[in-house]
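Each of the next two complexes has subunit A plus one other chain: subunit B in the first, subunit C in the second.
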Partner chain A sequence: MISLISAEIYKIRKQSKTLYALAAILIIEGFVIVSAYYQGAGIIDLLLDNLKDSFEFKGNLLNGNLIIYLILNSLWFHIPLILMIIISGFLTSEYKDKTIETVMLQPVSKLNFILSKYVVSIAFTIFIVLLLAVSTFLVSYWIFGRGDLVVYLDGLNFFKSDDAFNRLILAFLSGVNSMVFFSVVSLTLAVILKDATKTWIVSAIFLICSNLLLKIDFQNEILNELFFSKLTDSWQYFFYYKIPYATIYFKNLLLLSYTILVMLIGVIIFKRRDIQG
Partner chain B sequence: MMLKTRNICKSYGSLEVLKNVTIECHKGKIYGLIGANGTGKTTLFRILLGLIKQDSGSIEIDSHGIKPIGGIVEKPALYGYLSAYENLKVFAQIQGLKLTKELFQQCMRQVGLSPARTDAVNNYSLGMKQRLGLAVALLNNPACIVLDEPFSGLDPMGIFALHELIKDLSSKKQITVIISSHIVSELTDLCDTLYVLNKGEIIKSGAAAQLLEESVTTYKIVGKNLESSEVMKKVKAVVLDKSALVSSKNIEITRVLKELIEEGVEVTSCVPQTDLKTLFGPE
Partner chain C sequence: MKKLCFIFMFLISAGLISAQEIDNDLLQIKMRMDSIKSFNAQIKLDVDISFINMPTKYGKVRYKQGEATKVTSDDFIMLPKRGLDLTLNEIFEHPFITVNRGEANYNGVVCKVINIIPTTSKSDFSIATLFMDTKAKRIVQSEISTKTEGVFTAYLAYQNYVDALPSAVEVQFAVNSVKIPLRFLGKETEVDRNAIKQEGSKTGKIFLTLTDFQIEK
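On to the complex of A and B.
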């Protein structure tokens, strides 16, 4: 199993698409930073226009913490989409090039092979989100400096600079769980569909539907609490004035259970199916 | 007995691809599986290699090594973005084998490739990929290798080189080799035993030379003055430009050749022509 994982990591390191993934993440980050640099002050003014009549604002609200928060919001769609495309490719490329047949012609168990794919996919997802977080913190603080954070979440919430820093770190860590869920879903879709284009399309539809369903009230308490799409936003909860830790723990644990279930489905399907590229 | 399959059956929906296929292979021998396209050769090989499961029947392999059987199905599938060394490293690593420099050089030389090349496998010719695929198949010393259409797409030099390599593996390393092809000439001088597959069934099996001899329906004789030969007229040969086709029915070819020489015809070659319909069975 460890040798399979090492081989998978070696292949990922050598593939040019890994570089494209990293580049895509950094481009999104750069795009947000450049936009904020040129237009951020105007947007902040527009957002706080009414409040300025009643309150006095000191310091610069267009600071590193706000930029980090804006980049954090790429966890809604951009980052999971990139991750789903890259990670499903870990398997679909093996089907396309038929290398999966050459691998399975070696004394390798199907279970260990697919488990190693899941383990490496999860590790890759964690690495990407952490890379995004670290680079975002470094670049944002370097260019914009530190300051208090203003966030609109059911109303405007203000957080002191140090408090904002902690909340942003926790949000990224919680976001890892959501990203891992989407990555595992995409790999399972790759197991089922085998074809890269079909997997990308279905992954994108899954992500869009998941985001839409998050906002829909099912008029059913159990569904509203337990349905998977209602669990992928726990990282946003760190920006309520009082952090609802119990809800965050519950959502993360339940989402982790969904992740394991999706992974199990993928493993069972892969094990039962014949290997044909 | 190195490998034995007993009554292998496989269907895809209502389509029966393999019907009670039984083959027996001995150590160090070369076996040919011959048949027209779509007769189930690749499916049988996929089953032998464990890529797909048979519906019924059994496979016995008498090998206790880490890798009892290796092979290539259709085209060699390698990581095109990796070099030969990196490919062998990945495939060795996943089966718990450490690819040392010495082992890499030995693997490459065994299949007639230069260990000095460091570029991506995408740049390799099909013949070189076949050889590298064979090097991957031979990792961990399997007792048996299965090669599905290994000569497909190779030039004559490539075919000759692969023939020599397969013969070497069989004679020097005592590896059992099973090869499939739909081109008879590729297997005639290579295989000890042939199995003929038709519509998913083994319809003939036996010594390659004998099976091919039984399927010879005509001889192509090349020589001078064949058009004026009385012997050719007697055996009702179809005389073409500098050659003649003689039906094998009711004639003894050695006697015909002797008579031709006595008649003064300069015979330069006599090639038996295998009738594919006779060999492969009805379509």
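On to the complex of A and C.
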């Protein structure tokens, strides 16, 4: 198993598409930072517009913490999209190049092979989100400095700089869980569809539908609480003034259960199916 | 004839108004405040507005005679546009007349109540009501109706009977609910837009606690 994982990591490192993915993510991050800067000024203006009559404001709210928060809001569509394309390619490229058949001629169990794919996919996702978090914090703080964060969630919430930093870190960590879910879904889709283009299309549709369903009220408490698409925004809960930890734990654990379930489906299908592409 | 009577009455009333003097107790308080050349103090700010969650903020307040009171902080702070005029400089900036409104009880203290009516359009308030503790020579409550920013009511509390500067100020004002930029919302489904529309104007409060005064007279 460990040698399989090492082999998968080696493949990822050698594949040029990994570099393209990293470059794409960093380019998107750059664009988002620029747009967040311009968006941020307008948002602060709108948020504080009604308070300007009664208050004078001292201090700068258009700082690194707000930029990171806006980046967080923007990235949860772009990043899973790229991750889903790259990660599904981990398997579809094997089908396309028929290398999977070569691997299967070796004394390698199908279970270990597909499990190593999932393990490496999860590790790759975590690595990408952490890279994204570190680069976002460094760039935002370097350019815009630190300061209090203002967020509109159940009212206007102001967080002191240190508190905002901790919440943003926790939001990224919670976001890892959502990203892992989408990555695992894309790999399972790759198991089912085998073909790269079909997998990309279905993955993109899945992601778009998840984002749309997240915003739809099902008028049913159970669906609103338990449906997978409602679980991918746990990171937002860190920006309520009083963090609802119980809800966050519940949502993350349930999403993790969905991730394991999707992975199990992928493993079962892969094991039962003929490996020919 | 009616027209002439009206003009006559108007001239008499105008003459009466211009003849009114500034309340002597207010002048006494102003003189006391003017004896303070400068002061520095630590300030603690707490905001009480239903749709705002903000932690307690800390800063420093600095006043120098002839200059506006300045508040500085390492954090982002929101200061009420009125209520920080502890030395009455803003009220005395432009000419005004005072009208005695009698006495009122404020926290067990019998206070003299006066109206301040600006006599120039340059003033940014249309009327102010001051509750003066004439024995302690200080203001305990003020209500300022500004021309563009609404009404600000300040309640001033003092640590002891002799202090000229308050140790706590509560400022009340009307504030409108926040307009919500939809793109900024992370969880749009949970916004009750109807409730927000109905909220309209609300009373906001800000509590200022002043400590460690360093006063230069």
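By definition in this document, the second predicted complex is superposed on the first by the 264 of 277 C-alpha atoms of A that agree within 3 Å, B and C clash if a C-alpha of one lies under 4 Å from a C-alpha of the other, contacts with A are read in each partner's own complex, and residues count from 1 in each chain.
Rule of thumb we're sticking to: a residue touches a chain if its C-beta (ideal position, glycine included) is under 8 Å from a C-beta of that chain, and two chains touch if they have at least 3 such contacts.
Predicted model, so just to flag it, every value in this text is computed and none were measured.
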item	value
Subunit B versus subunit C as contact partner of A:157, first or second or both or neither	second
First, second, both or neither for A:97, with subunit B first and subunit C second	first
Subunit A residues touched by each partner, larger count belonging to subunit B or subunit C	C
Partner chain in contact with A:13 - subunit B first, subunit C second, else both or neither	neither
Partner chain in contact with A:148 - subunit B first, subunit C second, else both or neither	second
Subunit B versus subunit C as contact partner of A:274, first or second or both or neither	first
Residues of subunit A contacting subunit B in one complex and subunit C in the other	none
Residue ranges of subunit C touching subunit A (in the complex, touch as defined)	50-55, 59, 71-73, 75-81, 148-150, 152, 173-181, 183-190, 204
Complex interface listing, subunit A residues touching subunit B	3-4, 6-7, 10-11, 14-16, 97-108, 113, 274-277
Complex interface listing, subunit B residues touching subunit A	46, 49-53, 66-67, 70-82, 86, 89-91, 93-96, 133, 136-137, 139-140
Subunit A to subunit C touching residues, read off their complex	39, 42-43, 46-47, 49-51, 53-61, 73, 147-148, 150, 152-161, 163, 215-217, 233, 236, 239, 241
